[in-house]
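In what comes next, subunit A is part of two complexes: it sits with subunit B in the first one and with subunit C in the second one.
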Partner chain A sequence: MTVIIKKYYLLLILAALVLLPLASPALFSDYYLDLFTKILIFGIMLLGYDILAGYTGLVSLGHALFFGLGGYCAAFTINHFSSNLAPVLAVALIVSTAIGLFVGFFSTQTKDIFFVFLTLAFAQFFYLAAFNMTGITGGDNGITIAKATIGIPSLWTTKIPRPYGFYYLALVFFVLSFAICRRVINSPFGKVLVAIRENEERVSYLGYSIRKVKIKSYMISVWLATVAGVLFAAYQDFVSPGMLHWALSGDLILMSVLGGMGTLVGPVLGGAIIILLGDELSSLTENWMIFIGGFFVLMIIFAPKGVLGVLSNIRWFRNHDA
Partner chain B sequence: MDFSALITTILHGLTLGMVLMLVAGGLTIIFGMMEVLNFAHGSLYMLGAYFGYTVAHLTGSFWLAILIAPLAVGAVGFLIEFFSLRPLYGRPPLHHLLLTFGISLIVQNAIKFIWGNDIYSIEMPAFLSGSSSLLGVQYPTYRLFVLLFSVALSILIWLLITKTKWGVVVRAGTEDIETLEAHGIDTRKVFTAVFVVCAAFAAVGGAVVAPMRTVYPQMGVDIIIEAFIVVIIGGLGSIKGAVVGALILGLATQLGAVFLTGFADAAIYIVMAGILLFRPSGLVTETE
Partner chain C sequence: MLKVDNLCKSFSRLRILNDLSFAVREGELKAIIGPNGAGKTTLFNVITGRFAPDEGAVRFRDKDITGAKPHVLSNLGLARSFQINNFFQNLTVFENVELAVQSRLERRTAVWRDLPHTDGVEARTLEVLDLIGLNEQAGALACNLSYGDQRKLEIGLALGTGPSLLMLDEPTSGMSRFESLSMIELIQRLSERVTIILIEHDIEFVMKVSDSILVIHYGEKIAEGPPAEIERNEEVQRVYLGGL
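Moving on to the complex of A and B:
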């Protein structure tokens, strides 16, 4: 079963995301603007992750690697070379493409649970490198980053204004990523991804090179995680090894499953739920993850298709033309 | 590096490996039987340590601690198996991994809620403190005890599995669960029993290392990653593989600490990546 949300609803959500912050600070205070900026940035990564885990069926426990890599690339480029977001993104994408191809090439040799742990091994390796090479990365203390700018050099540049500038910047990147991912999923290539998830052997009988397709899918998720990492680091003015830690990869899985894997919208929804719920609950108790854990366990037992799966069973949300 | 330092490092490695075996052994048996990747196994190990601490703290007895901790954790294991794993048998293994990941979050945060973020330790019995000489090296007696104790427990598991009627059922279960069912054995009861026993073994591990490794809320996550690496490099579901994997990992960690100073933690990941690249299904793969 695939859940596809009607275009109509998506445009409605987009309009709300564009207009609400402008409507009134009372409705959408700086505090919530900050949370929503984070939701959008995580959303970019979750979209890519869904192509890999949800559609291709390759669950990686090492995706924080590229989020963190984007962050550290941003830190080095902004602090030593240029604060302009365009070259920063270019550098980060070049580096992550190289490392992504390397890790992707070896990881796709394995599948299922072995893929989970091989990606974990590669990611932890980089985490420990960032943690231990204090001379370069500042170790556990991380690196403080100068303010990032946008614009065309020598013509017009500006520091990205907060909170609105970053929010809309994240929104633009998110909408672009969403459009690209939807394109990919609806393309013949996207169908091959799903086919691989369902039955790899049969797809190989059709003459597809499974390995190549998997690496392509992997790279899409790598690029989006890198973009998210760059934006997140620039937004926080800070990177630390935490951005590379496997717990963050675990959160990605948590968010994706909670929202509903293989739906694009689901994981983003899951991310929003966990970020917002976490924010509400953390004012209640510092061990709020106990509730998330409980919620998650119940979802896995009773609704493994996630929140979106539950919603799609309600008639009002159902897609009649799919 | 001189000879005695090498002996010490190897002994450290063996101790670590055998402790890992108590967790990884259960992990691999549970997977072999029920196709469940139990991410919460580290949490059971951690609960063992915390229960052990509380018992030792209240009664002052170390021995009572390592006796009661596995019983209490066995009960927790029963609840987990009965209420959350049971409804999920037959679903893809990933669901179990995710489910138990959620359970580990609950346990970890419940522990922080009950015991706080403090670091605890269990006091070791007086006659096990200090050091003894072995092969010309002075080695902490308690570590030696942990090594022998874990070896003894592992042999006990091995005897249970190879020599008893119960073991025959478990081995048959890891081979072919449907045939086992066809022989009139209630596999659901077997699953529960296996899960509870494996939980108890993990708990003994947690309680027995507490005097040398301290008790803290992250210990469950730390050990589960290592234990998973052990079963992955050893070959999922293989008990022999778990022994081999545990010893490799224990030695790699300790030798890494000596030869890769400042980068020691990476040793296990290098070993795992290396093994998986050449043997994508682990070292010991049983023929189907």
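Moving on to the complex of A and C:
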């Protein structure tokens, strides 16, 4: 039995996620379904972020830029052009590809702390732009977005039903993203990413063009953050500069480190913990961030490999192929 | 095969390489000797693109490679090892060499393919491991190898790229007498199939294996020629072999 569970644990988790809504509202309220939808959407972004930060070793402090960009693209496309999610995603991905290549081109020329601050600087530029260009972005008030739809225009379309429709939509995108990221890390490309994280100089002495590989890795994380941003904005019917704020980029680092970087599963787990814990704590006290911060410090000291690292030290969990 | 002309390099006004010229013929084993701090490693660094030279030119197979980037040089068939171990400590021995072998594939950074079954990477990697005598440690983390085996892995990474010119920076440095015996044997075997530039402090070994020796002192060439000639050279004896 345990062997089966170990071997197929990813499928078991998937089955649990598919069946989860059935337990609502009997076991828990729709409110938790909402939290899980957010966990999945953040999970998409965290998967991409892990490719960049966890596997390639490039810690960006500006990734909210692409989450927010996805959000604003969704807002403009839905409100002025088409509410259908397919063209919305296409527009968002085209825009974020252009901006991602631009930011990535300059950022990957640097590394370590310089990479951290350059990505932050680019993101702050867009944050301030969104904040100040009130005529277009509504400034701090943000933009209310019409209801997004799915389907094939003129054949069959529907507003994405809530909460179940959005939950399953997020789940589909999450599973797709996970499959893509697994593929990436097991590919020749993925091996080079890890090598760059371990010893960049030697990788270039082996004949690889570091720059190209880094930009590719950056773009994967850009695309997934954009998809997450589109889904999040459409789900909330709302976008504001908060989606571009560096605090959100900081949360990504927090979640990744907490869960265990460079494992794909870890950061998603970290995201789930922070979102659920944050929700529980914030209903108890206003200063809930203090507790998250304290928890984080303890984890760094006692479990530097994150929650996933702790789990894999427990014998029962060992030998799986995460 | 490699031609170095009037190379100069300074660090904060201190001249480390001074007007250095030499050439390496196809198939030969060229040894570079000189006291500690003579500038041997710096010479390697300037040739292989770690630093750009201040003056001078480097040609590889009639192609100007002065100041070219490491990855460009690697793809031209020039590989080097490092005096201080410079591999992937947290990867296995197999994964280390695999990265080098994989680098020769056209689709070496493909996303939609698998390793190590791709295009004979696995077979080629095992071949290199066999050559450096580390096939039994293939699954071990590089950081857990004995120091002597780490020095072999350092060379394995360079070999994995299938170079036509192999530059080895003190491969026996820090090794015990016993460990360096197998290293010396490995270098002798390698010299039969690839052109080698070898920085080495074991004079006896150098005299035995090299076709030609370049002697550097304070970044300047003080002699160059076959071992027998170098042994007789008075200036070399004064500044370098004198202690023997």
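Assume the second predicted complex is superposed on the first by the 309 of 322 C-alpha atoms of A that agree within 3 Å, B and C clash if a C-alpha of one lies under 4 Å from a C-alpha of the other, contacts with A are read in each partner's own complex, and residues count from 1 in each chain.
Convention: contacts are C-beta pairs under 8 Å (C-beta built on N, C-alpha and C of every residue); 3 or more make two chains touch, one makes a residue touch a chain.
Please read all numbers here as calculations on a predicted model, not as lab measurements.
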Joint occupancy of subunit A by subunit B and subunit C, clash or fit: fit
First (subunit B), second (subunit C), both or neither touched by A:Phe238: neither
Which of subunit B and subunit C A:Val203 touches, first, second, both or neither: second
Touched partner set for A:Ile290, first subunit B, second subunit C, both or neither: first
Which superposed partner A:Phe28 touches (first subunit B, second subunit C, both, neither): neither
Which superposed partner A:Tyr164 touches (first subunit B, second subunit C, both, neither): neither
Comparing the two partners subunit B and subunit C, which touches a greater set of residues in subunit A: B
Which superposed partner A:Val192 touches (first subunit B, second subunit C, both, neither): second
Least Cα gap, in Å, left between subunit B and subunit C after the two complexes are fitted on chain A: 8
Set intersection of subunit A contacts, subunit C complex versus subunit B complex: none
Residues of subunit A defined as touching subunit C within the complex: 183-184, 186-192, 194-195, 198-199, 201-210, 212-213, 216
Subunit B-facing residues of subunit A, complex: 59, 106, 109-110, 112-114, 116-118, 120-122, 124-125, 128-129, 132, 246-247, 250, 253-254, 257, 285-290, 292-294, 296-297, 300-301, 304
Residues of subunit B touching subunit A in the complex: 37, 84, 87-88, 91, 93-95, 97-99, 101-106, 108-110, 112-113, 221, 225, 228-229, 232, 236, 262-263, 265-266, 269-270, 272-273, 276-277, 280-282
Residue numbers on subunit C that touch subunit A, as the complex places them: 48, 69-71, 74-75, 79-80, 86-91, 95, 98-100, 102-105, 107-115, 118, 157, 160-161
